[in-house]
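The letters A, B and C name the chains in turn, as written, and every chain counts its residues from 1.
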Amino acid sequence: MLALVLSSVPHLSDDFRAYQLGTYLLYGVAAQGVALAWGRAGFLPLGQALFFGLGAYSAGMVLIASQANATLLALLPLAVLLPAALAYAIARLVFARQYVSGPNFSLITLALAMLAAQLANQWSGLTGGFNGLANIPEIGGLDRYSTMYYLIVALVVASTALLGWLYRTPLGALWLAVAQNENRLQFFGFATDRLKALAFALAGALAASAGALYATQQGLVTPQAIGFELSTELVIWTAVGGRFGPYGALLGAVGIGLLSAELRDVWIHWQVAMALIFILVVLRFPAGMAGALQTYGRRLWPRSWMAGEEPLSSQSAAAPNYLPAPPRNRAADTSTLEPIRLEFNRVNVRIQGVSILSGLQLHLRGAGIHCIIGPNGAGKTSSFNALTGRLPLSDGDIHFSGRRVSGLRADTIARMGIARKFQIPSVFSALSVRDNLCIALWGNRANALQLLQASTWRWRSTLWEFLIASFPFLETESDRHAGELSQGQRQMLELAMTLLMEPRLLLLDEPCAGLSVAETGQQTDVIKRAVTLIGCTALVIEHDMAAVARLSDQVHVLHQGRLLASGSLADIQGNPDVQAVYSGGQK
Amino acid sequence: MKRRSLIQKSLAIGSMASTGLLSHRQLFAAGPVKVGVMIPMSGPAGLFGPSAKNCAELAVAEINARGGLAGSPIEMIVSDAGVPPAEASQAALKLWKGQKVQAFIGMHDSAVRGALVGVFKGQVPYIYTSTYEGGECSAGTQVLAETPAQQLEPVIPWISKERKLKKWYLIGNDYNWPRDTNAMAKKYIAAAGGSIVGEEYLPFTTDNFDASLAKIKATGAEAVLITLVGGASVGFNRAFASFGLSDTVTRLGTLIEENTLAGIGAQNAANLYSSSGYFAAIDTPAAIDFAKRYTARFGAQAPPLNALAQSVYDGFLLLEAMANKARSMDPQKLEAAAKGVSFSSPRGQTTMQDRHGKKDIYLARADGSGFKVVQVFKQVGAGKNC
Amino acid sequence: MDASAVTLALNLIYHIAVLALVGLGLGIVFGLLGVMNMAHGEFIALGAYAMLAVQNHGLAPGYGVALAVLGTAALGYPVERWLVRPLRSRPLDTLLATWGLSLLLRKSIEAVFGRQYQNVSNNLSGTSTLLGAEYPDYRLLLIVVIFVGFALLALWYRRSPAGARLQASVANRPLAQAIGIDVDRQACVAFVCGVASAGLAGALLAPLVRVEPLMGMDYLLDSFFVLVVGGLGSLSGLAAGSGIIGGTQVVVSTISDQTGGYVAVLLLSIGFLWLRPNGLLARR
């Protein structure tokens, strides 16, 4: 439909309007990349013109060179692929070092764009310097003032369709998950830095392809196509137009960009009007103009195409033919026949002089549920953090089934079959319950291709059925956003998600916290049965002694960062050291 | 192709015009002639917009009172040339094709000029009036802008002798105008018996000039040729004076006009010279009268006159001279008429030669609150460009 | 001692001090409150224009400094109340809002003062000879003022009860609220102080720099890089960032040229941002 609307413009208006619209449509495609990175995957690129300009300059150079030697046209795809590869490299390098997206990524991209603009200005032999790369021929014999417009429309339609499709695939959901709770996503075995790099590479490709067409449409590329000002405008257009879907960015670029171009010569206060629009949009319409259109459209015409998307996974929920999920990835696993071994060997963790774990020595073997108890500050959660790569060890090491896990990344450890449930229930609050469960199911199971297929949404497993039966709300509330659930429901949801991974080692951090007595009973029941079903080892941190009694095969007491005692619950309860610690005695 | 594009249509008209079929119709047209004025209204050069627009309005009013262009009144349409070249060329295209503008007068930087020349391709008369680096020879383009040859060839020998300058330091922003200017300046300095002790090009984003000032001091430079633009020029000159260099080192600039001088401030402008085709302080009768007419029309609080704004006025005078000589607005006839046409302006007499304007060059010195002309170089040619 | 080495050293100290002064306002607003204030440069410009206004009316520069500080503070209150506070939970959205604000401020300055370059005269325009090098007096004064000011500020932040309360609400906002610190009011006061520092910076720098409506952008970019490289949320981070960025710029510009200095600063910033994502001396 977009194609129809856009193609009709030259007929309704005139060629010049189409030419002008074409330029802003190209900016819009670049802005769609910004929307992908920012609105979807949750990190803001402040220097996107870098890729736009790279695409423009490369395409310009190839086209100029191809006038002498037509075979050089084969190099044209490089104008898109090379910037995309650069984007991927930058994102991988930056995101590998830290797992939250702070302002530093944004400023790195900004600095790179500024550097590129300076080099474009300076290397005038290559780029034409300040006056720019001129006399770029029209591509494929198209006339830039008439027929080239349709090529631009084709690009816009292609990019919008591509993004629209991607947003509905499992990958699209994963990007949303990255934006909402990257930490949690890593614990399902997803390499979030790679996910973000993929998003950024695609954004770079979009910007570069837009830039390439821009070069041939304008016939001139100046350093302004690669610098700070255009980068900022792309962000502004995305923010005002709406960054949560592919249409918003187009709307922003075309709407605001064209509006500015028109008003600029007519009204001297147009910039004031623009500023007021920005402020209004931010304060009142956080989803931008596209979001506002959707909201009002939904109110006026509930069933129209403007009503927006339904929760991602519900599109397939209606289909009764579920697919059995493939077995989890065994690549990093040792043989399942061998009993599980977990060893903390004299683990020391010291942060700024405070000893968190001091010589923790704990060996576990075989299936079963082990409960870890201890007073506050004993180091229980810290031992989990050390095990899963969130707390660096000062000394000692941790082995899991013969492999050294201390010092590995969280997602690598998750892929080895170690699943963790957090103390404060950590789920993807803006995704539906069903989406949350799906993501947990995909962890360590779905390969890259499957993440692009709609059929992956229909995966179910026997454990899933079991969990639905145990926690009925997972089915009845499956379309609700996880953030709207009650605390208890969220605990259960997170437990279900952790179990769905079918891990070999299950780490549960206070799974019954905040639950009523009945709910605790339900929760512990599920844990026991699931552990038997999966055949894993579970480490459960708990304070509720009733739960401990119900669950544990073995109990371990931690105190001041080290193991105090191990044994059955009766043994522990009779141990005088333990009694002293709990009743406030000295140790 | 069932629909011809507008561009193809106008090409057809253009070719018909060259056979004279349409020109008669245009000659007797009572309708106004639309002239596009491309001046920076936004961006770093936007501060020249208001004064340039005023000069354009003044020119249009006066020319219309004299009978207009080849008998038709001028209708002026202003467009912002301070935007990136892509947008500027789109705006020009809109004026040309959409609003049927028949001539363009542009006062903007070379990047925009390159873009516009690429759009016009000689099919519409285009008069470029801002100071620039020389070398523009495209069909349809007339250049009133001062070239480095004009601004420096007579000036450097004179000022070297006057101020006893032997060691020169060249400093400018990093793009083609300063580089080309300095390339020519080096020849003139050598011819005047001087030597270059330093040459530096700064990125546009520089706002800290201390390193350059230290170098100027260390090399013992006696004169600094400044090809910095905009804010960099103001910042550099202020810092220059703050280090006490202005007492011992002479500064010469080719793009230092009244606004920049105001920003530099009188206390920082000792021994600062500027070479240009126009200053508001020129005391020839024509210039004084022009300044009076400007003030009468726009008031005493109007944006002050400067060379860049005034060049737009001269651009209109050139267009008038071309149109009256060709007695038509046909692009080919105007192109032919432009060869050797001469007109008198507040600056003095300007004669077109080789697409460029031979004119008087003024050397002024900063003095109190403005410039004071210290030497006039009459009828300086623009050098070899085409 | 070699005069050019002394000049280099003084240039270095001056540049670092000015970066710290300019970055202080953004350090408070972005570092402590997490607000990406894209209008930071315009508040500096307002401070400079305050000096101009006072000068045009023939009053002493001291009044200019006072007007700069009070004027920007007065403007900061409604901005915090109606623009920043509603967006507290959406930090990246404040970027767009403050961008709009910066446009509005720039246009207001243009409307009142016009677009041309202005000159704020320097009443201390002589030079003094320090260890053989001639250096502008005003700059020397500024260096002293900045160092003393920062020392006092550091003392206040570390030792005073108000400073401790501020540190508390930065470190753990809900907890600070729980123990009775009025975090909303504190955020408001901090924001106002942040923009007032920007105004002060503009007023102090006005006699030395170019004054025109577009002057703010350079300061904004410099401040962002200084803060993110040095580490958000602490004075020592601001100092570290200023030292690194300023030092690189001055040293490389002197050894090579200004282009080299500019490129070196960008490359160094990228390096720091990549290898030390939380900045050199991060506090949050």
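Throughout what follows, a residue touches a chain if its C-beta (ideal position, glycine included) is under 8 Å from a C-beta of that chain, and two chains touch if they have at least 3 such contacts.
Predicted model only: the values in this text are computed from it and were never measured.
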Discussion item. Can you tell me which chain is nearest the middle of the complex, judged by mean CA position?
Written reply: C
Worksheet item: Counting C-beta pairs in contact, does A-B beat B-C or the other way around?
Response: B-C
Worksheet item: What is the distance in Å between the mean C-alpha positions of subunit B and subunit C?
Response: 37
Item to complete: Measure off the straight-line distance from the CA centroid of subunit A to the CA centroid of subunit B, and report it in whole Å.
Response: 53
Worksheet item: Touching two or more other chains, which residues of subunit B qualify?
Response: 174, 203, 205
Worksheet entry | Sequence positions of subunit C contacting 2 or more other chains | 259, 262
Worksheet item: Listing for subunit A: what residues touch at least two other chains?
Response: 114, 118, 122, 271
Worksheet item: Which of the residues in subunit B come into contact with subunit A in the complex?
Response: 5-7, 41-42, 78-80, 83-87, 89-91, 93-94, 97-98, 110-111, 114-115, 118, 174-176, 203-205
Worksheet item: Across the complex, what residues on subunit C touch subunit B?
Response: 4, 7-8, 11, 14-15, 114-122, 125-127, 134-136, 138-139, 208-212, 214-215, 218, 249-250, 253-254, 257-259, 261-262
Item to complete: Note which residues of subunit A are touching subunit B in the complex, please.
Response: 14-16, 19-20, 23, 114, 118, 121-122, 124, 129-132, 134-135, 143, 145-146, 214, 218-220, 222, 224-225, 229-230, 261, 264-265, 268, 271
Item to complete: Enumerate the contact residues on subunit A facing subunit C in the complex.
Response: 38, 44, 93-94, 97-98, 102-105, 107-108, 111-112, 114-115, 118, 122, 228, 232, 235-236, 239-240, 269, 271-272, 274-279, 281-283, 286
Item to complete: Show which residues of subunit C lie in contact with subunit A when the two form their complex.
Response: 36, 83, 86-87, 90, 92-97, 99-101, 103-104, 107, 221, 224-225, 228, 259, 262-263, 266-267, 269-270, 273-275, 277-279
